[in-house]
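Okay, handing you the structure first.
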């Protein structure tokens, strides 16, 4: 499938500071960027910190005053196998080295705290069946709702609060999968059909020899996800890290099939 | 300097499970392993998950019942520049891509929570002077003491408790440096002159174009550290991750200059 | 029913300090103390801080070195109505003033955090039916197990850990009831038939015009509870508060029907 | 001194629910209410849950839709001895029974977590000198600032964040005093000269045989505080507890000397 993406964000920067941007479509085997344009107004000198290993595209620039960001891209996404059921877990010794870190707790996914719950609730399942059941549990026990969580909310908070947004659903899904010794990571993506349009956060688990995307909120089809960044949790995939202070003035996102 | 390392650990594994071992000396520009031997009793099939990028050496094996681990190595360590004072910070845009993740919060180092404290306490300093002052603050405000912290303790806990062991000192140092936008990571190491002998945890900060080791506990000289693993915090550098349950029966560590 | 209680505790006090003791049977309409004896060895000057309103018996003494505490009592306990089902909740305006504080969060029972969960899980029930369902949920979702929790564990920890001891079960039950606007408090008690014998922690809820005891662990019959202290949570009902440091050397409890 | 108080609050109640009001001036030896009027529009049936022991005045009513609360009072406040320095602490055994609960941790003041810090930082002081030094430490290490804390913030959060409002300053002061075995409690009050006018939260410590008011924010003179409620922390002294949902439409407070 091929998608056209448009994103436009305006910020007011209180003081001159550096900004790390992680909002360009990643390059990788499952998606090809045919055309793209990143535009800053006023224009700024952009340093590239792209990661050749992951295909992540990172831009750094210095901002001050009002800054408008505009990103447009045409991206072709390969068909993805999102099957979970009956897919076997990979033994630790057969995991690729890069998957090991996704077994461990992180800032917003303290997976060590959920080991007992996961054993108690899902202990009789394994591999993809276990992940599928975790996704079902989340869908049944959490409400999608804004205003409950904030930037400091962890998977523990969401587990207690029983509500949150895509970021929170993803954090809890990651924490539960890792607690079951299944590598799980966070992915930010432009998401076709997501309403209202926004950058989305979903989970990716390592099963049956490869990473598989899943959306614990069930709000966007996996086939329409245009991957941007991949990491341990929201700390790694934030689309913008401001090394100073700024205020969002306006933002708009659009993605359509072409 | 050249060091001879000996480590011996015995565990009782309640059930058959996989074990990830991260206790072999790393290979890298700052240290050379001349001779080493890892021995499991009873013998087990060891899979290697070594990381060619970081030089980390990871072994995976299946354990059951009583297992003895024996590791011996002769390692030559290069002279290290541990200077902090007057070393400038590196602008975000000039950081190597791999350093970016060490700017962010992690499981035990929620650096986002310390931004205000760091600005208030160390805001008039920058770069290595700021890191040096953070180390001094830690030395003056924390007591080195066992029994206060446990495996769940975070830098927040240590900041309140005002006491802990090397792992806790390291977590707080990392959290404070990251809150100051200085990349900081955790390093596990065999530590010459550390009393009692044990695996040590220290911090490494990115300043003046390279990583610099520092021991916030002040208990072991940086020149005598034999690096084992490097990561976000204790989750990444644990010398042993047991995917099941086990009990430590005995352990001994020794490191001497040769 | 009439019970004979024996408790014997030995502590080593590192330094001279004051100790607040809350281990004598309370006086009240639901139990009568026929005979009792509190003995300290070596003998110490005991100040009484008994509470005439609640019937709680508090003793303060100065301890140093090894101290043995011995308490014996014969207590007659009235038949208690422990019915929960179909008992109506009391409107806020009709609550006795002393019950109001048991609607609020406390150190180990942050009930405000559970409002959404309680509404989601038990929202269609009210009064005693809701409390009974909360007790059932706890019995089905928690394991009684030592070693999971410690003195710092809150109801939030127990909600995530899904295991704990009587204190933890009680904290979670209290937090959930208060989140449902039902006054709930902690009670320490000598508990007939509890195995192994120990001081027990149970919950008391205000329903149908009076306080009703319930044991969320289901390990001791309500009819055999000899009440000692009542309060917000473990902070209020600790049988001993040491204003200094001490180590427990040995303890034994016994309660039998006579 | 004699003060005239005016408070006016308007709320929108989403659904019919009960409301507990704790905003009337308390009756007590240190203040006399000469004239007062509480007015609800539309008029509602008010149940009184006043506490004869503490002098606290609690009103309960049923609200629905838009409700306006208006409170006016003339209150005479006795001269208060706010001396802290050189005032001795009271030995545990000589404390009045009602002071004991103010030695313990509460929802927002987990004093047990601060024992080591308090011993380390203020261990060489005692009694009022220690409390005075705690107040000085708070003034030097916290910024008075809105937007940092919220209704869930505890003394631990404030200790790390180093900023907050009167409620947060009070929680940290209470936690530190209790960690030093000095009874400390929260007091809500109309505060003469406070800018902008609002209900204020201050601390009260038990020293030298009686309770002594102190304002850790230093924003209002103790002589101009008209006491409303007293309790463990913000949970007890909230001026309004809504057993349902409501939104604040507007509020205004005024207090002037007459």
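Should a chain be cited, it is by its letter among A, B, C and D, assigned in written order, with residues numbered from 1 in that chain.
By definition in this document, a contact is a pair of C-beta atoms (placed from the backbone, for glycine too) under 8 Å apart; a residue touches a chain by one contact, two chains touch by 3 or more.
This structure is a prediction, so every number in the text was calculated from the model and none was measured.
Graph distance from chain B to chain C, where chains that touch are one step apart, equals 2. Looking at which positions face the partner, chain A and chain B present mostly the same ones, since more than half of the interface numbers are shared.
Chain A and chain C have centres, each the mean of its CA atoms, that are 46 Å apart. With centres taken as mean Cα positions, chain B sits 28 Å from chain A. The set of chain D residues that touch two or more partner chains comprises 113. Under the stated contact rule, the graph of chain-to-chain touches is a ring, a single cycle where every chain has exactly two partners.
Chain pairs that touch one another: A-B, A-C, B-D, C-D. Touching chain A in their complex are the following residues of chain C: 113-114, 116-117, 120, 141, 143, 148, 156, 159-163.
Here chain A touches chain B in the complex through residues 18, 20, 47, 49-51, 58, 60-61, 91-95, 97, 100-101, 103-107, 110, 112-113, 152, 181, 231-232, 235-236, 241, 243, going by the rule given at the top.
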